[in-house]
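Let me begin by presenting the structure, written as structure tokens, before commenting on it.
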Amino acid sequence: MPLHYYLIFSALLFAVGLAGALTRRNAILVLVGIELMLNAANLNFIAFWRYSPDPNAIQGILFVIFSIAIAAAEAAVGLALIISIYRHYKTTNLEKMDSLKG
Amino acid sequence: MLGEGIIKGMVETARNFVGSYSDPERLTTVEYPEDKIPAKENARNFPFLVYDGDDAARGLRCVACQICEKECPPKCIYIVKSKDKKPDYIGKPQFYPAVFDIDVSVCMSCQICVEVCPFEAIKMDTEFELSNPDRFGGLLQDKHRLAKSNEYYHKIHETEAAEVDARLAAEKAKAEAKARADAEAKAAAAAKAATAAATPKPAPNPTTVAPAK
Amino acid sequence: MFMETAIDTPESKYEILPKTLSNGEMDGELLEVAMGPQHPSTHGVFRMDVVLDGEKVVKLKPVFGYLHRNHEKIAENTTYLASMPYTDRLDYLCSMTNNWAYALSVEKLAGLQPPERAEYIRIITGELTRLVNHTCLVGFLLQDMGALGTPLMYAFREREMILDLFESLSGSRMMCNYMRFGGCRVDLPAGWLEQAKRAVDSYSGFLDEFEKLLTENEILVARTQGIGVLPPDLAVNASITGPMLRASGVNYDIRKVDKYGIYDRFEFRVPLGDHGDVYDRYMIRLLEMRESVKILNQALRDIPAGPIVDPKAKLRGFRPKVGEAYGRIEGPKGELGFYLISDGTPNPYRYRVRPPSLINLTVLEDMCLGQDVADVVIILGSVDIVLGEVDR
Amino acid sequence: MIIGEFFRGLFLMIWRVATDQPEAKADLLAVFPPSARPVISAVLTVSPIIGIFATLFALTTLLERKGLGRIQNRLGPNRVGPFGILQPVADGLKMLTKEDIIPRSADALVHFLAPVVLAVPTILAFAVLPYGRNLVPVDMDAGILFFFAVGASTELAIFMAGWSSRNKYSLLGAMRAIAQMISYEIPLIISSVSVIMIAGSLSPVEIIAQQGRYLAGGFVPHWFVLTPWGLAGFIMFLIASLAESNRSPFDIPEAESELIAGHLTEYSGFKYALFFMAEYFGMFAVSGLAVTLFLGGWHAPFEFLEIVPSYVWFFAKLMGLVCLFIWVRGTVPRLRVDQLLNFAWKFMLPLSLLNLVVAAVWHFTAAWEFPGAGLGRWLLGAVMIGVPYVWLGRALSGSKKITQRTYRFAD
Amino acid sequence: MQAAFAIIAALTLVSAIAAMSLRNLVHCALCLAVAFAGLAAMYLQLDAQFVGFAQVLVYIGAVAILVVFAILLTRSGQPVPHSVVSRSWIAGVAIAVLVFCVLTRVILSSSVSQRSLPAKPSPTVREIGNQLMTWYVLPLQVIGLLLTAATIGAVIIAMNERKSAGGDHRVTADQGHGHGHLAAPTGLNEGNATSIASETGSESPAHYPQPEREREVLAK
């Protein structure tokens, strides 16, 4: 199975995540979209590693492990921020969080 | 140290676990339909009517005085007094209950009817297996189902029944003695003797005893 | 949410009340839960409308009356004697003390004096009832705490012996209907005293076992200490009585105060707690059981022979003279009193029960605010209510 | 002909499994065409696992009810069949014939999917456990990681159950369940990391192989539980696995006296049975992992007992742990949520991290050569974990000022 | 191989689209979990076991749960009255489609993408660990630091700010909703308790001595 199947699938996933992040009103779903995009990128790393001429060079895997760790940290902080914002504005609708004043 | 109390508790439960095999005293469970706890002598469940002799219809002690009907806290007794009279154990003509119903589903087994009955006619049964598919009719006990012999009463409440019998016998003897004495005296006093016969304990005429309300 | 651990600040209980509650709006983060009437641990048909912030209680409203049976009005329409079996059903765990309190008030009304032996029997059955009640209570309390039946089953195992005693005495295990105005209904059957002595002797062993099982258990201690604190001044103002009041450190026991019956002849002490929390209420009950065992040992030793009913007492046609009386005893749950007004007829003109369960329940919200849902259950358990008595 | 071969293969398979021989399935698989072999092989592996654990589940429910009954001085179920042995069958029939109620306002699809989603990972977790000398369904290089990964995905199922029921108790129960499972997953994983560190492998087979030696003439097994860090890790693993499988005293999510039944409140019939089964399967899986990591897996306690088939030891140890769980359940009351989380974060987590250090010290003191070095090592490890245990325990209970109270008596 | 890829890809994609387009946020989160699981399956299919399991452990076991928690804590589970997408959704979709087209163009034009599958590699966990502890030890430390910082930061951000929120959340006991009904006047001490007892009882207050301070040790 050629590599570009995976790459196109990954691009599709990335586009879905991007579309969600750009269009949804809810802050949580925007974060979810970003997570999807990150995952699509991870898939690329794995696919390239698997199809690389020397699969025993495992940089691709290590990159994904680091990326997963960062994504987890990002999700935790991002969601904490959203909860904090919700406490303040009583909404998670991004279009209503339009004032800088508290 | 943390965990000490929990370990102590676990030792205790282990002791009970082993104990339930080695020491059957610990198991209070009785496997009901096969084993039954023998009824205590004072046990009470639902009332029944005592009759003397063999014939339930003739020997019924109840004179339909309706005291129990009035005193019954949940009002589960229904009595209709007869039109005619029949002789009681002394031989005196008394009314008898034409209808005597107890709704067991309402009865709360308080024994007050037994305590207030002046004629020792209603007593508590120890029978409790009365479950019935018919919720209304099956639990409404009429005179025929309620009537149980004095022998049965002796069987379930030995001491109490013996006392009751002794008391009734004494009263009967007293009444007979009095009747004999009176008969020897005057024929004119016979009517008066009849009223005096039962003065000590059982009231001569139920209607005068029933609390006027 | 799971990162916020243990905000345990009972003193700030008023601080966390959101303003929105008072004008009927619910804050977005609050959750209103109706605990009951069909809930496994409300000890009957009882409802608590709880407003929760996460798991913390910010408002609690007890709702009762589901079991209302019109007890007082029924009693005003039947004879004095016919109310006696109904008192069994008030607090159905301790019918003997209910009977006693009612008999006591009728005796006050009618001027009856139970004979010596009857008084002893009353003390014996009353203290046995206290054992039954407290045993059940600690069992249920630990069941509410999630100890999955083990303490409850041990408690029931011991209770069984006392119920057997009650059955052979009065004919019924729970609905004893045993006391009568001016005495008791029947005399003790042969061998009863020996059986009672055996039961009482084995009770200390059971209490030791029970304490070993759980009193030192870290989980129990952590669950109960400092939970549901009832300060003594609040307890007195809310007219809390019984073990709950004594757990708050107020020395008030009607057995000592009124010396009703012949309690002045017995040596016993009244245990008092210092913290007024659930743990104290639990321990006070265990300690009270030990004191009850002491009283029982004395009473079973000293009981005299003699009649059991005041000869002046009448079963049929009982009409006390015009007047009023309030008889009260130290029931296992608190002060149980019956207030009666007689107008000379066979029925009381006014009949009123002072139910300790209901009055002890009034401080439930004050004890529960700021605690967890899980604590509400054990606080309710430590109040020791029986819904038959609360709703009447 | 084919049928004869089939039965010969079947017989050989059973014989080889029973006598601990490798390649049990080979002859039976040879009967089938090569293209069908992977599927047949998988079926031959999966069906006995599910069958055995389903039977074990039935037996354990009976054992639990009987054992709890005896602990509570009751008789336990004794009506269905001799000594109540058929009680699980009766329970199962009852569950299956009960009406399946879906609340009107519930999210029907999620409500339906929740038990399925819960059951799948719990069964998957059985895939990596070695049940006997040559009985391991999937010998995976990252087997332990797989176990924890599938274990982590059960949380979502519990959330689905709680949320879709549209019941406040269910939701509260689900929130509690998630908080609890996430908190206890960390000590669970960290306490097994000490074993992974010492063994230097994530493969259960390898970990068991490292515990296969015997000391002192074959009477002291080289199990990890017999080292200070192993003992501490084992106890912490057990506590955390009690919490992971929602067993008393950590049965907070379905706390009967508080939340009716938590996330199970709105479930009935077969779905409820699935939840119930998944809970027990989870308990088996996590006990099996405890056996694998700390108790030497399928190895016999003494060398001369190695002649007994290895799977007997595995299941004996497993049932021993299950009995311990039942015993604990019969004794202790339930913790409160915040206490439970406090316990996880303030006690279990530091202690399990410390246990890693102790394991490292143990590893590096292996080179000690002086007389009494073994004992010295042991004592060093025990002190290193014991002192913080006492100290942390005191700190944990000290925050609530738990003291032996005294009571006044008034005359 | 192809079939497995097709099934996994379709499942992942459908659930990803569902996660981004459903109205009910909890459904979105659950679909997201399915998408993550599909990606994990795809990693397994690409012989990256360790990463696949790590994906399940982290994404399904933690991130999806966090998302669900955030949804519950912000009460976003209820359906919203207005549209779920923003006013500029057409632009957003257009950008996404554009990005996809560009990416596809690049992928298809690259020679790398036509590479076929080499022999199955066997990266053991031990190897990954060795790499992490030797060549990649600095990134590992940095990641550790980042995770610690993120944990602390998340806790601080999400911490309950009621204590600082001040007045508008506070009510006093009296204006509350009937909490004061049993609140005792301050200063009622045990002496008052005694006097109350003496009112109801028939004996004089002298008979309610404060219990002797005899302290009995509970332990027997």
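General remarks:
Letters A, B, C, D and E mark the chains as written, and numbering starts fresh at 1 in each.
We adopt the following convention: contacts are C-beta pairs under 8 Å (C-beta built on N, C-alpha and C of every residue); 3 or more make two chains touch, one makes a residue touch a chain.
What you are looking at is a predicted structure, and each value in this text was computed from that prediction instead of being measured.
In summary, no chain was found to touch both chain A and chain E. Contact with both chain C and chain E is made by D. Counting steps between touching chains, the shortest path from chain A to chain B takes 3.
Of the two chain pairs examined here, B-C and B-D, it is B-C that is joined by more C-beta pairs in contact.
Each chain gets a centre from the mean of its Cα atoms; the one farthest from the centre of chain B is A.
Rounded to whole angstrom units, the spacing between the C-alpha centres of chain C and chain D is 43.
With each centre defined as the average position of its C-alpha atoms, the distance from chain A to chain D rounds to 34 Å. Inter-chain centre distance (chain D to chain E, centres taken as mean C-alpha positions): 25 Å.
Averaged C-alpha coordinates put the centre of chain B at 69 Å from the centre of chain E. Counting partners per residue, chain B has 2-3, 6, 9, 12-13, 16, 26, 28 as the residues that reach two or more other chains. Multi-chain contact residues of chain A (touching two or more other chains) are absent.
Across the assembly, chain E contributes residues 50, 54, 62, 69, 73, 154-155, 158, 209-211, 218 that each touch 2 or more other chains.
Across the complex, chain B is touched by residues 78-79, 81-86, 88-89, 150, 154, 156-157, 160, 164, 167-172, 175, 177, 185-186, 189, 209, 212-221, 315-317, 346 of chain C. Interface residues of chain C, counted against chain D in their complex, comprise 1-2, 5-8, 31-33, 39-41, 52, 55, 142-150, 153-154, 157, 213-214, 217-223, 225-226, 249, 251, 253, 256, 269-275, 279-280, 283-284, 287, 372-377.
Residue ranges of chain D in contact with chain B, taken from their complex: 67, 70-75, 78, 327-328, 330-332, 389-390, 392-394, 396-397.
For chain E in complex with chain A, the touching residues are 1-2, 5, 9, 12-13, 16-17, 19-21, 25, 28-29, 32, 35-36, 39, 42-43, 46-48, 50-51, 54-55, 58-59, 62-63, 66-67, 69-71, 73-74, 76, 80, 82-89, 91-93, 95-97, 99-100, 103-104, 107-108, 110, 112-121, 123, 127-128, 131-132, 136, 139, 143, 146-147, 149-151, 153-155, 157-158, 161.
Chain B makes touch with chain D in their complex at residues 1-3, 6, 9-10, 12-14, 16-17, 19-21, 26-29, 31.
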